[in-house]
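Written below as structure tokens is the structure these notes are about.
Think of it as A, B and C in the order they're written, each chain with its own count starting at 1.
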Amino acid sequence: MDLFLQLTLAGLAIGSIYACVALAVVMIYQATDHFNFAQGEMAMFSTFVAWALFQATGSIWLAFVLAVAASFIAGIIIERVIVKPVESAPVFNQIIVFIGLLMIFNNLAGWFWEHTTKTLPSLFPEDMGFESTLISSHNLGVIVFTLALLLVVFLFFKFTKVGLAMKAAAANPDSARLVGVSVGWMLALGWGLASAIGAVGGVLVAPIVFLEPNMMSGVLLYGFAGALFGGVNSPGGAVAGGLIVGVLENWARQYVPGGSELGLTFALVLIVGVLMFKPAGLFGRVVVKRV
Amino acid sequence: MPLLKVKGLKAYYRQTEALHGIDFELDEGSITTILGANGAGKTTTLRAISRMVRTEGSIKFQGEEITGLASEKIARLGIAHVPEGRGTFVRQSVEENLELGAYTRKSKSDVADDVERVYAYFPRLKERLKQQAGTLSGGEQQMLAIGRALMLRPKLMLLDEPSFGLAPLITQEIYEIMARIRKDEGASMLLVEQNANIALNLADHAYLLETGNVVMSGEASILRDDETVRRTYLGY
Amino acid sequence: MIRPNALTPKLVLSFGALVVLGCIVPLIVEDYDSYQITVAFSYGIAILGLNILTGYNGQFSIGHSAFFAIGAYTAAIMITHFGWHPYATLPFVAIAAFMVGFLFGFPALRLEGLYLALATFALAVATPQILKVDALEEWTGGVQGLFFDKPDPIMGGMSIDQSLYYVTWIVFVVLMALTWALLHSRSGRAIMAIRDNPIAASTMGINTALYKTTTFGISAMFAGLGGAFFAFANAFVSPDTFNFFIAVYLLVGSVVGGIVSIPGALLGGLFYVFGQEYAEEVSNLSELIPPPWVTFGIFLILMMYFAPFGIWGLIERGMARLKRPSSS
């Protein structure tokens, strides 16, 4: 029973990181109808930035905050400068631009920081004031921190004018323009937020998986799986999906024969399975596309 | 000086010219209607003013050329466009739709007053304020769209077929409310309609569009009595 | 540009010239260069599959490394475990890759462009892990992979590398010709109709589902054949050779060469190998020059702005411009 609880809690911890990535993916999907395949690499790069800032300042929290802020701004700039020119181009051109971004970030990280693994310390203290055999202090910190973050994001979209405008711009860009919303900037802001949330996910996952340029490709895959599982047009669903995928993955690793070697395959099966049998995901709606 | 003065306006969908250089004017406080059959270019005219299609020619609002501006800037000038098909934010609540209508405005208390004002015109919306806009009936959505436009405190409202897809009784209700809005607020409106009868009753001036050209214009009452208009558009 | 060229004497002549040119190359270059061009051909074959899928049928894959791996491993397993002659494995490689592609194409049917891209992305990311699984280690050689000998020369007087070059080149040429024939057939018109307007295509009575799955299968088959030749040229296979980035690089090659073209696949393959080598050299000149795939990433994005049809698209546009004055 202890083992089961341990697995579940650790699954929730890794799942909350997937939830961050899933949320980032869904935010951009809702606004633009596209999956940003570079989301993972952007988060990885942000994490390296955090690492470099940590080396320079010695404070992990300061490094974290600066890196997240920088990612926010970088996200906005990337949308305005790189993605905007293909905004109304065919899907193909957009996917290729994302692939281009993915290559650039992956190889830039390797170029700047080399392909050796780095260690990034946890944001949370070893000593949390109590002892537990069920969960590590980092994992507990991850769960609490991401849940708080997701709550803030939720409140932002629910209760602020900008949040409302972002939702409007994503759902109905023409009408949003007619009430004076600058849709282009809302998109950019969405990229900024997604990029910042991705950065949070990266910094939280780095102490678990080691920091190196390919750190996020697996995490992104789980993030996608979570987003699909929860429903690609439901941010809340994506978060739940990320958590569920984290827990399921951890159980599968332990209880399914050969499961420990096949984590990514599990994500593959989940993605293909959801797309085949329940494309709307658990909490999403089927979107009827006008042709 | 007219509130809106359009000269030699051409509009394009890709390479296709949909308006072939039309001229019209609208005076402050007046209601002007643009009539015409399907595909005559009525909607395109409104979209041209809101900068949602590519255009040539001149559009002056309060004496200022606005052809270089982006759609959202046009809204900020006080031109509220109620688009074809209403353009409600279907997943947002009635309240949030109205809030979005006031997106360009700063003062929270003014906005709160205006929400009440809209509810006064459209009591049905008040009953449904927490409801998702997508669950409203067609008539209610049209009311919401007009209400949302009012939230901008517009200097000019562009209304694209408010009667579209509505039962005659509902259409009548909406036009009665529009007449009240006009009386209470002295609002200027540019109204596009296929239902010429009801539009000519409300409007002061009318322009008749045929395949991208203005073919007739004048006082609404004069057009109403015109033989051709009566036969082609009014159907009696 | 959107449809393959018509059968004209000029086309036959230039294709013939290309085949001959390809045959002369190994006679005048070093063995190592022949080896490298062979590798470029193997990518080119896979890229050709990608061009059929994406360029002509409008389906997306950012996971062709998976089919490349299936081809390579099928060949390697038959060679090492059953002692088959490498070239004798090719029909089985084709069948295996086609089957897997066809089966993967089934869920793909229900997936619009973007979701298909996502599913193939997942496949590519998971592939190396599947190849490493303990349960399959007996067959796949696990992390180590499988080693074997390069195929013997097909004719006396040829070096091993020259021989493999010729076989690869012939297969590549035949596949290009077959692709051209396919696209010019009734089926080809259906394939392109689905790309241009799926709804109109299905109302015209085209079985879009069957065509899309079959096209996916054919595309996977080409990728598999490319993978087999890649394995022959290197004389080994290992899981990490077939990571997700191979899929990305194949896609880059396809886009750079010209995704809606047949000869673009050859250009793409050559670009993959020699473009990378050249960019590597350039980047070694100075600390300040970024490594090749950073440059290529930037290049790729710029192409989407200015030349989405790739090098071959530019060549065709140039030729059309040259032709215009004389015809008017």
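As a working rule, a contact is a pair of C-beta atoms (placed from the backbone, for glycine too) under 8 Å apart; a residue touches a chain by one contact, two chains touch by 3 or more.
Just so you know, these numbers come straight off a predicted model, no measurement behind them.
Engineer: Look at all chain centres (mean of CA atoms) and spot the one farthest from the centre of subunit A.
Structural biologist: Most remote chain from subunit A, centroid-wise, comes out as B.
Engineer: In terms of C-beta pairs in contact, which two chains are most connected?
Structural biologist: Max contact pairs: A-C.
Engineer: How far is the middle of subunit A from the middle of subunit C, if each middle is the mean of its Cα atoms, in Å?
Structural biologist: Result: the chain centres lie 32 Å from each other.
Engineer: Using CA atom averages as chain centres, what separation in Å is found between subunit A and subunit B?
Structural biologist: The separation of the two C-alpha centroids amounts to 42 Å.
Engineer: Averaged over CA atoms, how far is the centre of subunit B from the centre of subunit C? Could you give it in whole Å?
Structural biologist: 55
Engineer: Mark out which residues of subunit B touch at least two other chains, giving numbers and ranges.
Structural biologist: none
Engineer: Under the stated contact criterion, what part of subunit A meets subunit B in this complex?
Structural biologist: Counting only subunit A, the residues touching subunit B are 161, 164-165, 167-168, 171-172, 174-183.
Engineer: Could you pull out which subunit B residues touch subunit A in their complex?
Structural biologist: 50, 52, 70-72, 75-76, 80-81, 83, 87-92, 96, 99-101, 103-104, 148, 152
Engineer: Any idea which subunit A residues touch subunit C in the complex?
Structural biologist: For this pair, the touching residues of subunit A are 33-35, 37, 82, 85-86, 89, 91-93, 95-97, 99-104, 106-108, 110-111, 217-218, 221, 224-225, 228, 258, 261-265, 267-268, 271-272, 275-276, 279, 289, 291.
Engineer: Under the stated contact criterion, what part of subunit C meets subunit A in this complex?
Structural biologist: Touching subunit A: residues 54, 60, 62, 107, 110-115, 117-119, 121-123, 125-126, 129-130, 132-135, 199, 244-245, 248, 251-252, 255, 259, 290-294, 296-298, 300-301, 303-305, 308 of subunit C.
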